[in-house]
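Note that chain A is present in both complexes that follow, paired respectively with chain B and with chain C.
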Partner chain A sequence: MQDFGKLFRENNIIFVTLALCLVFFLISPRFLSVDNMSAISRQIVPIGLIALGQFFVVVSGNIDLSMGMGSVLFAIVLGVIFGVTGGVALGIVAVIVFSLAFGFVNGLLVAKLKLPSFIVTLAGLFIAQGLSGLIIPRGQQIFLMGGFFRFVGAEKYFGFYASFLFLVALFALAYVVYNHTRWGAYVIAIGNSEENAKLAGINVDRVKIGIFMFSALCSGFAGVILSSRMGFVQPGLDGNGLLLDGIAAIIIGGTLILGGRGTVTGAFWGLLFIGVTNNALNLLNVTDVWHQVFKGSIILAALGANYVLWQSRQAEAQ
Partner chain B sequence: MKNRIDMKGIDKSFFATRALNNVDFSCVSGEVHALVGLNGAGKSTLMKVLGGVISRDSGTIEVNGTPVEINSPADASAQGISMIHQEYSLINELTVAGNIFLGRELRKSGPFLDKKEMARQVKEQLDRFGLDLDPYKPIRELNSGEKQIVEIIRALMSDSWLIVMDEPTSALSEEDKGRLFEFIRRMKAEGISIIYISHHMPEIFGIAEQVTVMRDGQIVLSERTAETTEDAVIATMTGTELENFVKPHKEILGEVLVNVAGLTKNEAYQDISFDVHRGEILVLTGLRGCGAPELAKAIFGLDGDYNGTITYRGAALKPGRGPAVAVSDGMGLVTENRDKNGILPQLSVRDNIALPFLEKSVKAGVLDGRAIEKVVTKAIADTSTKTSSPNQEIRFLSGGNKQKICFSRWLDPDLEFLILLEPTRGIDVHAKADIYRIIEDLAERGVGILILSYEIDEVIMLADRVITLYQGQSVSEFTYPNFDKDQMLADIAGVGQPH
Partner chain C sequence: MADITAPQRRSFSLDGLTLRYAVLVGLIVIASIGFSMANENFYSMTNIGILLRSISVLFLVSMGMTFVMLTGGIDLSVGSNVAFSGGVGVVTLVSTGSPWLGFAAAILAGMAIGWINGFFIGKLQLSAFMVTLATFAAARGLALVIYDADSINVHDPVFLWLGGTSWGNLPVVIPFVALMFVALSILLYKTTFGRDVYATGSNFNTAFVLGRQPGRKLIWVYVLTGALAGLSAIITVGRVSSGQPWTGLYLEFDAITAVILGGTALAGGRGKLLGTILGVLLYGIIINGLVLTGTNPYLQSVIKGAILLGVVLLDTYTQRGKA
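What follows is the complex of A and B.
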């Protein structure tokens, strides 16, 4: 029993999320149906990819605002290449190259010119948004059809969507990188004190550029998966909503917004929290306006509960 | 083979400040080379140039006669040079082992860290240092003495042939200092060379072969320690004879200002009771972990989680009432960890000094600039702080000068009770005497003073009364003139016979 208590305190966000699930289940038993669980697992994939990219960026003491609209832009790159040449592989390669280049520029400006990441990536956000509209005028779309997109959007293995399995694999990889390689330690070090990281002989600029490239790559994946699921690309997608959900997920999962601290598992649970909330509010037919209000309130309540749990843990430690 | 390093004609200016002026400095392996000078003389700057932390304006660095490029800490460590910095340089969120191996991690096959092996090696060194610490513990949970030892072990484990130690003993207890010196002797025997910066002459004459004195960015003396004396070194440092501080002892007649009764906080300290009278200097001393800094926090109202009572000016204090109330009640505190909670690095020297007075300096809703200016000018002069102007950002001051600012901000006429944690940490011999004088003046004026000091000579020089602590318990009390140094040392080490 004591062990259970300990578990409870160390994994606050898990219990807050499970409690939320219980509440939704009591309101609408359909919430816990296999179909709905499966739907949630698919809905969270793009948010999760964005969250994963932001995780490293935020732990390093930065923020990347460009990657919500970035994923819309990268999807459009895919759509255009596919539309013109009909080549899927070429389109994917283009997305990877283009997103890495975008992230490289973000990282370069932040690392070498010492510009605040907030400003650099805010500019990136506008540019991505503008370019998207330039390439495909609003109201128009390019359809993505064929086996690959159906596979990415809807294929299941052992009852799980392929895209969800991909997300889980990426989180697992991130977990290993963050906890068991030099790179993870360097990200934490930079987030704590760039100065001290430099004193330890770390090539801070290179790590930072890498972080922004990874974030952009994740966002490229998010764009591909999101548009495959929908079957078309268009510039009107709510990329910024995606970004905010991603950031909310990692913060709820215990990542310090000021940088220097966070866990990958926490981020994953934060993601489930956001996913569950989004889904339940849809399921319960909450109208759009109220949806936002409820979501905000639930996030606040979760943070409050988290804080109370954290305090009881502090008291225990005394 | 003997290694040597030669720095030739090094210049470095920070805007108008000429920090290094055509400096030549050499060092050979298997020796301890002491580098001394007053606060702001340029010692840290010279070593930061050597360590690749800052770039020089001109000059060359040669290793074994060949010029080398050292433009980053990584370059320096590739040349076999590592540093213990004067400023805190650890990463709070990483573990002890993670910090010690940061930048040169051990790996298993592939990219994976070999955490077990790193922890094992760190544990071995910690044991040699007599420090019972879990290598997997995050740094943020360590106290300042433990952190300092981690910084030292990090440098020792770096496989360098030259280790620069910029005031490594400043956060250490006597016991740990002894261990450090033992390590230094062992390394010396292995052919490792050490550049040792300190303000403590006995330390220097105890371990160094060569001593180099800097003054105003230049080298003014470099000699074998065997062929010079402490007094001669101090004289070249200051350019004048040092007036020794001698405490004018008097009888303490003031009323009781602070009364602490049965103060207990589980691990940190147990059943501590004492009085501080107006005009009295009470010094607490002990080893690392003796509980004194935690006690000070309770009295200042930073920590309310204790049992027992604290009475101030005849009224019981509310536990954890916060520093704002403490300051308006006429209390002041100089913390032991100036980088973490002593200064606001982005602000100017003026703002850092004026901070606690801002509330009082408001006239008709606006700050009274002239009143502040007066306080600031006086504070800088009283502590002979070296700064290019009051507008200088404090983070650009030398380490000792930062400490003086932390101190000078409390020289306020309304002050009634001052708590000083290691008040002269990192302060040069000259300024030390100044600070002792200021403390004495405050006491003269009727201010009650509580000091934590780990330096036994300082304890004896300053105190009217001494309480020794061992692992959170008070062991013994000494009243002037009955200061028995050997007994004190025995008591703080926990080996004192009852007396």
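What follows is the complex of A and C.
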């Protein structure tokens, strides 16, 4: 019995997500149809990319509030380069370079100047939002036509969307990096105690800059995939909603907000949880206005639950 | 008690603060002159009245944010809270017909969100930006639910009085804000609660060991900020004669920038309400001026972000120079 308790505690998010799926299935059998599952897998890709970026940022004890609006901005960079030159590859390269540069500046300000990450990235949020509207005037769109965008937006392999497979591959890569490389250990060490990490000879600044660059790159991918699916780019998209979903996913997945604790698999299950709830809320015709109430409450509940679990672990350890 | 505040006062050199306030006043003058050259209407008495009234909410919210930031925290939920508590107030007013019940409901609703923030931050010791990011979403959502995503017109003269009435060119709300400034100054500088706010921000653990109950003080600080958000909601409704679900969007961002401009340290424990007043004035004049000169709203957004980043950078450099 005790074993089961432990199993549940360690994997609570898996049980909760599966239980949720069962409930939704009982309410609406359409929920478990192949079409719907496939739709969920596509919907979660941009959220998952944001979540993956935030995962490393949060484990290191920071936050990156700029990346929801960031992905809107990066999508617009893609649209403009594509619209002007007609070159897809050039557009993608531009997104990668631009997002890495954005993340580099965030990381530099946080690491070298020791500024709190939420202030730096809050300012970044506004700058990204403003730039996106300055590059393309509000109300204007740039259409993304061509094989590449169709491929990213709708191509399937063995019944899975290409973008979903890309997301899974990236999560697998992140799993390996986080659990089996020195860099992953450094991120955890910095999240536990920056002082100790420094004393242990870790180049803290470089790792932090890397974390923010990775977060921005993920957000760049999210922008590309989101806009390919829609077939156009325009300013004024709800970047903050995307960010909130991404952060909710990793907190629900058990990432400790104080830093230093979290698992990639947990983050993935948290992502599935968010994807399933988003989908079910739409399927059950819950009006949009309730979504935000629900998201905020879920984050608060998960924050509280993580804290209680963390305390009970501390107590067990003593 | 003295043990906590004494070193606090010493490290807080008065010259630095006076200098900062002088610079702020100078910048306020320069910004006013600049914008009045760009737009001749800037200096009319009517516009000054409009300006002060439009930033009255920012004054109140920023004073609350000053308390929060003095404890080393942050409150990202105030803007959403203004919309939520306004919604509760307006709906109570419409359904009961009593403006006084409406006032009470708005302030209590604001305090309720503040209490949730305070509980998670003070009691459970969770990070302030994360907790208030969650209530930022939840309170905005609740506001949308209450209003059913539409605005509600308000006609009750008592409910609209505070935000909507003027004595000649002087909006009623200006003396009210001044009154609140005095009241909050007494609370911050003349009571043990105020000293505990500084102590909590300077060193939470020391405050705890000395029995100042910093966790409980944190809860009250967020409740206070919530109450001020409720008051701001009443003023906002009075200004436009209707309650709107999207009101106060990004208000928290403006408040944080104004408080930092006013010299309150991000790390907590250092800062004054007077600085916040000057910070709000300068920031308000800049924002108002950008609107009056017809600046592209997206450019305004970039400028706002740049101001926040610039001030934080400047503070970091000057403080490091002293150390």
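In the analysis below, the second predicted complex is superposed on the first by the 281 of 318 C-alpha atoms of A that agree within 3 Å, B and C clash if a C-alpha of one lies under 4 Å from a C-alpha of the other, contacts with A are read in each partner's own complex, and residues count from 1 in each chain.
Assume contacts are C-beta pairs under 8 Å (C-beta built on N, C-alpha and C of every residue); 3 or more make two chains touch, one makes a residue touch a chain.
Predicted model, so just to flag it, every value in this text is computed and none were measured.
Enquirer: Per the contact definition in the header, classify A:L122: touching chain B only (first), chain C only (second), both, or neither.
Expert: In the superposition, A:L122 touches chain C alone.
Enquirer: For the overlaid complexes, name the partner, chain B or chain C, with more touching residues on chain A.
Expert: Touched residues of chain A are more numerous for C.
Enquirer: One more residue to check, A:S33. First (chain B), second (chain C), both or neither?
Expert: A:S33 contacts neither chain B nor chain C.
Enquirer: One more residue to check, A:V293. First (chain B), second (chain C), both or neither?
Expert: second
Enquirer: Taking the superposition as given, does A:N282 touch the first partner, chain B, the second, chain C, both, or neither?
Expert: In the superposition, A:N282 contacts neither chain B nor chain C.
Enquirer: Have a look at where A:L199 lands relative to chain B and chain C in the superposition and call it first, second, both or neither.
Expert: In the superposition, A:L199 touches chain B alone.
Enquirer: Identify the partner contact of A:T85: answer first if only chain B is touched, second if only chain C is, both if each is, neither if none is.
Expert: neither
Enquirer: Mind working out whether A:I63 is in touch with chain B, chain C, both or neither, as first, second, both or neither?
Expert: So A:I63 only meets chain C here.
Enquirer: Which residues of chain B touch chain A in the complex?
Expert: 53, 72-74, 77, 83, 85, 88-94, 98, 102-105, 107, 111-113, 115, 266, 305
Enquirer: Where on chain C is chain A touching in the complex?
Expert: 74, 116, 120, 124-127, 129-131, 133-142, 144-145, 148-149, 253, 256, 266, 296-306, 308-309, 312-313, 316
Enquirer: Taking the touch rule as given, give the residues of chain A at its contact with chain B in the complex, in rising order.
Expert: Residues of chain A touching chain B: 176, 180-183, 185, 188-189, 191-193, 195-203, 260-261, 318.
Enquirer: In their shared complex, at which residues does chain A touch chain C?
Expert: My answer: residues 63, 65, 109, 113-116, 118-120, 122-127, 129-134, 138, 235, 244, 247, 251, 257-258, 288-297, 299-300, 303-304, 307.
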